[in-house]
Amino acid sequence: MIAAYVARRLALAGVMLFGLVCLTFVIANVAPSDPAALAAGPDAGRSQIEQARRDYGLDKPLHEQFLRYVGDLAQGEFGRSVATGRSVGRDLARYFPATLELCLVAMSIGLVVGIPLGMLSALFKDRWLDHVTRIFAVSGIALPPFWFGLLLQLGFATWLGWLPTSGRLGVATEPPEPITGMLLLDSLLRGDAALFWESAGYIILPALVLSLPCLASILRVNRSEMVECLRADYITAARAHGTVPWRLVAVHALKNAMLPTLAIIGLRWGWMMSSTVLVETVFDWPGTGLYAVSSAIAGDFKPVMGVTLIVGLNFMLANLVVDLLYGVLDPRLRDA
Amino acid sequence: MNTTRRGILAGAALLAPWQAMGFEREGGRKVLVFSGNQAVPVLDPHVRYDWSTRMIQQGVYDALLKYVGDPPRIVPWLAERYEASADGLTYTFHLAANATFHNGDAVDAEAVRFSFERGLKLNAGIAWMLKDFLKPEKIVAVDARTVRFTLERPFAPFISYVPWWYIVNPKQVLANVSEGDYGRKWLTENAAGSGPFKLRRFDGNSLIHMDTHAAYWKGWPMGEANRLAGAIFRIVREAAPRRAGLQRREIDVITNMSPDDMEQLAKLPGIRNEDHAGFTTFGIKFNCQTGPTADVNLRKAIAHAMDYDALIAIHNGGARLMDSPFPPGMESHISVPGIPRKDLDKAKQYLARSRFPNGDIELEYVHVQGLEDPRRIGLALLDSLRPLNIRLNIVGQPWTTMVARGSKAETAPNMTSVYVTPVGTDPDTVAYQYHRESWGLYYGMSHYENPEVWRMIGEARGMVDKPARLAMYAEIQRRIVADQPEIFGMIPNRTWAMRDYVKGFQFSPIRFTGEVDLYPMWIEA
Amino acid sequence: MSPGSDGRSADRRGELNQPREALLAIDDYRLAFDSFDGTAQVLDGVSLRLAAGETLGIVGETGCGKSVLARSLLRLNPAPPARVVSGSIRFEGTDILTLSEREMRRLRGRRIAMVFQDPVSYLNPLLAIGTQMEDALRGQHQAAGEPQPSRAEARARAAALLASVGLAEPARLLDSHPHQLSGGMRQRVLIAMALAGNPALLVADEPTTALDVTVQAQVLALIAGLVRDRWLALLLISHDLGVIAASCARVAVMYAGTIVEEAATATLLREPRHPYAQGLLAAVPDLDRPEHRPRGIAGSIPNLLRPPTGCRFHPRCERATERCRVEKPLLREVGPAHNVACHHA
Amino acid sequence: MMGRRTRLALWQLRRSFSSMLGLGLVAGIVLLALLGPWIVPYPDDVAGAVNISGKLKPPSATHWFGTDEVGNDILTRVIIGARLSLLVGVGITLAAACIGVPLGILAGTAGGVVREAVMRVTDLFLSVPGLVLAIALVAALGPGIVNAMVALVLVWWPGYVRLAEAKALSLREEPFIEAARVAGASRFRILWRHVLPNSLSPIIVKMSMDVGQAILAVASLGFLGLGAKPPTPEWGAMISIARGYLPDWWWYAICPGAFIYASVLGFNLLGDGLRDILDPRSNRG
Amino acid sequence: MTALLRASGLAKTYALPRTAFQPARQLQAVAGVDLLLEAGGTLGLVGESGCGKSTLARLLLRLTPASAGRIVFAGQDITAMPEATLRPLRRRLQLVHQNPGAALDPRLTVAQAVSEPLVIQRLARGADLRDRVAALLAEVGLGAEFLGRFPHELSGGQKQRVCIARALAPEPSLLVLDEPTSALDVSVQAQMLDMLAELRERRGLAYLFISHNLAVVRQVCAEVAVMYLGRIVEQGSAEQVFGAPRHPYTRALLASVPRLGGAPPATAPGEPPNPAAPPPGCPFHPRCTMAQPACREGVPPALVNGLACPVSGAG
């Protein structure tokens, strides 16, 4: 049953991805730009530009280019970047793990801090802890990540010198050959503690900035759900029956509050992937966000399309996972 | 596994490692760390060049000749010497006997022939330099150490381009051909050269690590004892961390810093700034065919309203105003008398003579998106044009869009700000931008029209008689200035900041903005 | 200021005391709810006695405060907005209003247990029945400072409890979730949980309102059997006189936060004395006597933010006089164990 | 005489510190936007007066927040920037709501093919990484505040479809809608008279929050160099430029960022407060 | 008397949503129901929750399309009538909801709510409209001071009165009352029952009265149909059904009602089954004390002479 459901959802995701492809293709081609000029290089003459146009298939009519792009995608090829001439698929394979690592760490921060804080805030509703937490939560959503990132760089890197400013590893450290491409994981797999700590030092600030809106959302939803759940009849009943308070909060109420929290986690995951664009730009984090921005600004659209697809797919998968987790958490969804 | 820093890191988790460390070491030798903002997506020397790419290419490859010094000179390199025929059609190069590729293969005439053929046939990157004058079949390996090029017609700048045609090892390339791509795919991230450095690790977006080639056929100028272990090119897109890295001695040389940053860096102990006039010119191209700027008087009015001092001020003094379409230092450059400087009265006189005597027009000023200096110059221009009652619409656009618009006079913006770096020292490199054939290319966005000038440009590039050629170029410069197809702006200085233990830095204006020749550099400590 | 304030009601308390030692004694209990609109006098001087093994029904309409009263016995009303104004609730001799939360936890489930109205919302939808029961059992032991039974022990006891409320296959039930159970089974589970600590007093707040009539009959029969077998004191809250008549020996009628009449069930049904109680009885349609036309009570229940002065029923009362408007009537005995709060009864 | 609801709303608002803070911040920003041109110390600096010699001055009595890279007073430009940000924030939100709400209500009440079509397209847009799409679009259309707004509206409207659809779906089951159908009300009448007014509360709450988020989004595009054209003062673009002057001229980045933060915070807190009043049961991240 | 509303073979099947963990399933809410209501007649529909009585009401009102069967109202087949054609007929067929709080648009005043049907059906406008609304309110015992009030300012009983006034506004000939008093207190319920009786007399209305409260149905209705799991199991005059119930379910139902002063209610075993998974054969057989082996298989027994139980009917 679950397998069939997953298959159906994946099929739906496929349809959605096709929609995404169409959308990005349209956007990429509305502009009066000449990618061939970019491909051929700045000093190229007409003959070289025409050569590049042929090389990249840009001389074909749009619908043919579209069909070719879709065909390439079906084979897992994302086309070539006109700015660099490199395969977008290979670039993505290189950048995506970095972004994924960043997002995973940020999401972990969001969960580890957001959920307990939301719980505490609900328990101490309308007390000072709650007020502070709520302002903090709204701030998390209101702080411009690019600005906050700059401030953190200024404070922790430039003035205090505790943490590195940007990048993924020190200039002197040679990045190891990727296993998963996620440095923290790779260094653990290799048992390289020094590398682990170094990459941890580099990921802290960007992950913190990235996690803040997500943390805030989780906190807010978790708080208000906890408030609702703590008021729920079944909590009153469990109290009346003598259940221990901590279990009441941490199991009985939290489990129920986790359902909407889960939904927001799914949403925020997608959102987070999108805001890596800003955070990666600020922290010079070599991931898909930076890749998309620099390509977009250069007018190089194949990478942008590739990133959009990857991030969109990721979002759809995340939603699928959330739906499945819903089933794990909520027995009502499992059977009649 | 690399190196000292990691060991320390293992001990002190977060606090220690970003404190001052000193340069990188590997064994007893030092590693030079250079950092800039621009990636190296494709290393293939026949496909792509820009400053960062060419810096690495220059490291791992050799060419027949090499540019050195300021003013730039062309010196023999793989070729010990060359001869040109009197008609300017045939060039014969004699190769050094001891040159070898990194894998030990000799750099022979066939390698040279193959490399030029490859460059021409791929028709990308450097191809434009020689494509119209040299056919692949006219390159002949006379013997193992002699190559002869026969041009289609005389082309004076030929020699000035040869230093950019790097020689690849045909055996390696042919061994790695896929789908008849001339090894293009493989050379994107691999090297098959004979240069002073061997590629150790290539990650074009973050880090390129090269080892010095101990057995480099040309030897090492600083002596074997001081030879580096290698050089690392770190791509750090943001200026602040580059600067921080330099201050913390994680990086030895940085470039692409703003003039303001450079000013601050100059004050720091242990850091030395290199600040030199290059060849890169900044101009604001008028659309000479369509729109208000087709009116030469308006162009002159604008050129006289421009606040040239602001151009210098924006660079904190680190720039020179152009006094000719040609950069100073280029062969045949003259200081053209009467090149516009700020003079509001003159500007108003010209405006009065134009089709817009009262101004009241809005002009579009396009610059490449994300470039800071052209944006600020736009602001300065906007301010300068206010007395003429001309409004300025400052637009940053992606390169692709800008080029697409500039390809036709109908769509080209009124004004486009462009940096142009001449690739060779021959005056034709710059002059040809004003030829009809350059219309629509980014440096030809002004769609400048003057058949007499075109004729002279065309004639000069084939002239063998040097004094006559120089005179011709002097005249060309005067005429172009008179037509004012652009605001001749300034030549920004090229700047690097480096630790003072970095030695052997040699500037040459012919290189691109941040590009340095890593070969002679070493660390003294 | 109502004339029936503390001093005088204290005088009367003596008369009300039953000879039997009361398990539960509520005296002049006043509870207010604070809100934006002001303070609602939700309970206004409630006094009740309940002896061990006794069954008492509280009947009243929406908003009369009967559920709030029931929750007060376990101190489950959220505070704020709830606020005790005065009075005491003595259970087995101690005033539970003065207990700490920790001490209160010792009572919950073990001495006083509660059955709620809607079994759907009072069971945690995400936790297995077994988990909820084990948590309750272990929690009761923990609160009492006794060693907690192991999960397995707790589970075994939970299964036994389920069996004792007439549920088949208790072991399988423990692993199921609330949504897999029918309404009647859920209410049985809740009753089983209430019985877990062997309480002396069972408070049932509209235990059958959400159930269908055939199931209601089953649950009422179950409660009656448990009360009999375990010698439980039962406080049954309902709006349905029929339900109370089927379960309780004694009944108290509540109106707008006050008890207006208290009597043996049969007595009240036969000869209600308070005009409200009379009205209530007259309003109930009788299935077996279709010719009897139910009569409504004119007007509607008062706004407790601004309760009527004097007798809270007086605006709807046909017999109301000036005295009713001014003076709050206190409960007084009008027959054997029959108390009425009306100047005219 | 105010109704009880209004008084209750005001009471709730007053009681909540955070809502009052939000109200204060929003009022402040609106005031600055309205009075901007009359109160700024250097009105000329708005339109791109260049004074290179006075560039990058630290905060002082004459320039409270220093000067920027062409010598303009930062405070002046930030204050004038409030107008643009506010206008853009409100504009994007209104446009997105105007597209999304009718579609959502239509989808929620129509059902069938219409609903499927609308919701699938909505899902498509929702699954797109919003900022990435906006960046691509602005990069394609060319930077400029109007293009930025178009791009953001394009990624913003689906949120309203979702909200309005969910609300309409739940309303569709409401007995009072059924009652209207029994009375013979046409579909349009039900939509217009019953569904729309009853869906407004959460939409208003979302809009008030979205104004803040839209300000942030435009600033983000500005930061990436895709926002307003120079010399228009725009907060995000200012930070983008200021970044090049970190860390020595750090004050340059502080001021515009603080204003973005304050205004987004203001609208979010206000929205939070409004939600407590208008739509207490809902829950959004 | 003439048949005002006739339903034959009416059925409604819902598709339950498919989730990650469940296949698509169907729920038969109403199965093969025949009904006849005469002008001015009163039919009570009783049954426990989930038996399909509210769905049946919605089917009859064409608020949800029927899966099978026919509905004829006032001589016209409305089963598949387009909404536009149906609209004028709607005024004669009105509904009063169970929960008066939810049946009023919270944003409309009492006057707006009551006038809506009149406006829609173009029955009145301007001053006439105002007068008629006031008259309707007076008819349900509410004064003119209520005109400008919003639902949240009313008590439950008052809201229900507004709902009734609204239902009366287009002068219907049939009122479907879906548990009209179950959300009300007993003292208010009595007032409401009184008023309903009075209205019927005065206006000659027919009532389809749906309730789980048998005593109330007995008060209001002359005819009674008992539903169990989507089917009518017994139908007849109130006297017959309540006085001499024939179907085992009807008997169990009546015996379960707690009586004032009477003996404790008798209990029937078990609970109504899940409509998504009904038992085969007679749906009541798992709880029936009289069940025969034949009851446990085959199709559910049909309603013959107002009784769907061959066993009990035979005996």
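Note that the chains are named A, B, C, D and E in the order they appear, and that numbering of residues resets to 1 at the start of each chain.
FYI, contacts are C-beta pairs under 8 Å (C-beta built on N, C-alpha and C of every residue); 3 or more make two chains touch, one makes a residue touch a chain.
Please read these numbers as outputs of a predicted model, since none were measured by experiment.
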Both-way neighbours, i.e. chains that touch subunit E and touch subunit A: C, D
State the chain with the largest centre-to-centre distance from subunit C, centres being mean CA positions. B
Chain centres from averaged Cα atoms put subunit B and subunit C apart, in whole Å, by 90
Using mean C-alpha positions as chain centres, tell me how far subunit A is from subunit B in Å, no decimals. 38
Subunit A to subunit D, mean C-alpha position gap in Å, rounds to 22
Go ahead and note the Å separation of the Cα centroids belonging to subunit A and subunit C. 54
Enumerate the residues of subunit B that touch no fewer than two other chains. 238, 240, 369-370, 397-398, 401
Scan subunit A for residues touching two or more other chains and write them down. 31, 33, 153, 158, 282, 296-297, 299, 335
Subunit C touches which residues of subunit E in the complex? 48-49, 155-158, 185-194, 212-216, 218-219, 238, 242, 252-262, 264-269, 271-272
Which residues of subunit E touch subunit D in the complex? 58, 61, 63, 83, 86-88, 90-91, 93-95, 97-99, 102-107, 116-117, 120-121, 163, 166-167, 169-170
Of all residues in subunit D, which touch subunit B in the complex? 48-50, 52-53, 56, 69-70, 139, 142-144, 225-226, 229-231, 241, 243-249
Which residues, counting only subunit A, touch subunit B once they are in their complex? 31-35, 37-38, 40-48, 51-52, 55, 81-86, 94, 153, 157-158, 161-168, 170-175, 193-195, 197-198, 200-201, 282, 284, 286, 290, 294, 296-300
Give the list of subunit B residues in touch with subunit D in this complex. 238-240, 258, 260-261, 264, 307, 309-310, 313-314, 369-370, 372, 375-376, 378-380, 382-383, 393-398, 401
